[in-house]
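Just below is one structure, and these are the notes that go with it.
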Amino acid sequence: MLKVINEIFRVSEDKKQNIMLDKTGIAKRIAKEVQDGYYVNLGIGIPTLVANYVREDIEVEFQSENGVLGMGPFPFEGEEDADIINAGKQTITTLPGASFFDSAMSFSMIRGQHVDLTILGAMEVAENGDIANWKIPGKMVKGMGGAMDLVASAENIIVAMMHTNRAGASKLLKKCSLPLTGVGCVKKIVTNLAVIEVTDKGFKLLERAPGVSVDEIKKATEGNLIVEGEIPEMNI
Amino acid sequence: MINKKVNSVNDATKGISDNMTFMLGGFGLSGIPENAIKALVDSGIKGLTCISNNAGVDDFGLGLLLQKKQIKKMVSSYVGENDEFERQMLSGELDVELIPQGTLAERCRAAQAGFPAIYTPAGYGTEVAEGKETREFDGKMYVLEHAFKADFAFVKAWKGDAAGNLIFKGTARNFNPVMCGAAKITVAEVEELVPVGELDPNQIHIPGIFVQRIFKGENYEKRIEQRTVRQKE
Amino acid sequence: MLKVINEIFRVSEDKKQNIMLDKTGIAKRIAKEVQDGYYVNLGIGIPTLVANYVREDIEVEFQSENGVLGMGPFPFEGEEDADIINAGKQTITTLPGASFFDSAMSFSMIRGQHVDLTILGAMEVAENGDIANWKIPGKMVKGMGGAMDLVASAENIIVAMMHTNRAGASKLLKKCSLPLTGVGCVKKIVTNLAVIEVTDKGFKLLERAPGVSVDEIKKATEGNLIVEGEIPEMNI
Amino acid sequence: MINKKVNSVNDATKGISDNMTFMLGGFGLSGIPENAIKALVDSGIKGLTCISNNAGVDDFGLGLLLQKKQIKKMVSSYVGENDEFERQMLSGELDVELIPQGTLAERCRAAQAGFPAIYTPAGYGTEVAEGKETREFDGKMYVLEHAFKADFAFVKAWKGDAAGNLIFKGTARNFNPVMCGAAKITVAEVEELVPVGELDPNQIHIPGIFVQRIFKGENYEKRIEQRTVRQKE
């Protein structure tokens, strides 16, 4: 069943041509965190790509907070339906076993911790697990959508993001500088450089991206980076 | 059967006036009450507070009301598809209250269900919680959020009957059901108005008791915001 | 449509043969309070009889808190369905336009004040509108069912009851002696003797039952009874 | 599709043990999880706390568990159809917590939806509110009631599929939907287990995400408590 999704997402990805290799790498690495039987909510951006790389021998269902569980691939051209979209407002299809529901029930799934894994992007993550991803003061503010509900509710949140911003500054901070989306909620971060666990004592380095040194990761991490023993390379 | 059917969008929007608070269903442009929005634009009423997950696009949905500067305040979770919106917000003409999407849904549901307020974890520790009561239950922090108060709720359903019963379609359902009965008057527009008794009582999403007026909408455009498709091989 | 209900309820009433004339009279008088377009929740006992006497030229829908709106008459013999009952656990049918829903939505209708009129029985009503109808300490306690939600939520509550209990003691009291179901919520009381409005100053006598004197009503009323001007007889 | 199907009520009730808290759907005898109740009786587990609107009758529904003295505490809104219940309650063998029906429904829904507590007007000023926090909103008084915590929810639906999706029938729906996902493990029994894909995604009452185990129930008696009928003329 997932095979169909995978093929489809790849099509759209190829078409767009603007996916950097490292974003794909991040998605591939996160896909390994998705386990059999998981209900997963994917944010917009890199998280959406994760669906492409989930193992084909496990069963996973994707929830979209606008009111669908069991999302499938994009529709065939000409079969798109304005009444069947995902949270990114993209036309989608559903797989057998899918269901539609209202916004209150959708957030019952999220707030009630029935969704097993939430993957979303971030502008900043702090070493205590705080996350900022919805607002840059002074710039256009688009809003938090469902992100605040997701991060306040989920037990299992993985952040997918580049390790540094366009100006080269670290996005893994001692303290977030932007308005927060949620406090102390991020458990794991996968970036173009590393896999990091958020612990009581700060960012704990778990894995390095292929060819990236611990020093490079340290340099790109403003928050406290805990390095214990040998750090293996990611296996993508 | 208590008859809720009105014959036109004008009958359905009777009583609207300046400075009212409206709830409007829809997510993006999906499931928005197109006919009611057009009637609000035509009415020219101003100073509106609109509770709606999104604010439409420049030339469709609530964007049409924004173009005519009829909206004083938006209460939404995500508003990022609209240049005119951005201009009015940055210039201070438009007041914007951004709240988490689940909070928006549940503040509607609280109004519908007679709850004065709810405790939600969403937004705790963020600027959304500023000035609001927070409280710990079982070691987790929650924010007290109040039920909305609105004059009209405008919702869009797929099928309905004169008793006011509604069935929604796909993800066009979204906020529409939770807004029914959450305002003083709920106005439902439907694509198909079927004879009473045709809808299976077991499959009605919103019973007619939550709806005061129902009418058959016309000329649905149902615009798609992000047309994503795949090719047949 | 209501004609069908009326006929049916009468059938069941005739069959039972245990309906006292005054209970029927109470039901008939209360039926006059039911207006066109009302959604009505009827309690068990006298209130149930009210459905029999609602004018046939108005449209009314009956809600039952176990999850049905648009209740119709009892089913024909052999057509009863264990999955379609009312709050009294009686087999029922539905009328065109009816709907089924879960218990949360049912009480959303009640708590959210979408039900226009609630008619229920009582053991005691106090002059401040308090009501007691669910528990007699020391005796078997059956529970409040939906009564506490109904009386705490409804704006328009009519109590249907006998003016005195079996021992001849008044049920319209200065203060309830039994555990309360709700406080300050009853607006109107229709008994076998009188129609009474609950006001800030106490029980205000509106109508007398045919042939019943104001003095008899006063004697049967422990709470403060306000009598202003001529009190008309009920028109049933 | 995540498969929730188990092959028997024994597989479905795996993990039950003494002193657990169970939610059980149904109103009166309508929509009760007959197969699960039978399995609980057969299991012999004791010291149970049961959250259920009613307590069955002497020889059916939860009455079967009461007969075998497996229940330590009942949390219900109405329990008046059961002599053995009365005997155990009056003798003090059985602890009974009576709460308003709407409060019962909403404390389930709070658990399902991740709300720690709700403010309801029901029971204010009565012994139900004793020892509970009360609070005024807009001039009206409310009682703070907490979400239930339960180990298992046993629900009964009409149709279901292996993905755990459920459709209920008529008033047998009642408390069943609000109990789904309101306990650590939700066990659904259905009259018909249909192939995945057969249920219309638009008409599913409870999405499978709220259900951990589903099985086809057997030998439904569906007893009627008050058989009220009319004669054909």
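Annotations
Read from first to last, the chains carry the letters A, B, C and D; within each, the first residue is number 1.
What we mean here is this: a residue touches a chain if its C-beta (ideal position, glycine included) is under 8 Å from a C-beta of that chain, and two chains touch if they have at least 3 such contacts.
Quick caveat: nothing in here was measured; it's all calculated off a predicted structure.
Counted as hops between touching chains, the shortest connection from chain A to chain D is 1. Among the remaining chains, those touching chain C and also chain D are B. In terms of C-beta pairs in contact, the better-connected of the chain pairs A-B and B-C is A-B. Of all chains, the one whose mean C-alpha position sits at the greatest distance from that of chain B is C. Taking the mean of the C-alpha atoms as each chain's centre, chain B and chain D sit 33 Å apart. Inter-chain centre distance (chain A to chain C, centres taken as mean C-alpha positions): 56 Å. Inter-chain centre distance (chain A to chain B, centres taken as mean C-alpha positions): 28 Å. One finds 36 Å separating the Cα centroids of chain B and chain C. Residue positions of chain A touching 2 or more other chains, listed in rising order: 68, 100-101, 104, 107, 110-111, 153.
Those residues of chain B in touch with two or more other chains are numbered 109, 114-115, 120-121, 168-170, 201-202. Here the touching chains pair up as A-B, A-D, B-C, B-D, C-D.
Chain B contributes residues 27-31, 53, 76-80, 86, 89-90, 96, 98-106, 108-109, 120-128, 158, 168-178, 205, 222-232 to its touches with chain A in the complex. Interface residues of chain A facing chain B in the complex, by the touch rule stated above, are 8, 11-12, 64-68, 73-92, 100-104, 106-107, 110-111, 130, 140-149, 152-153, 179-184. Against chain B, in their complex, chain D makes its touches with residues 114-121, 137-138, 140, 142, 146, 167-170, 201-203. Across the interface of their complex, chain A is touched by residues 1-3, 109, 111-115, 161-163, 165, 181, 196-197, 201-202, 204, 207-210 of chain D. Against chain B, the residues of chain C that register as touching in their complex are 1, 37-39, 59-61, 63, 68-70, 94-101, 104-105, 107-115, 153.
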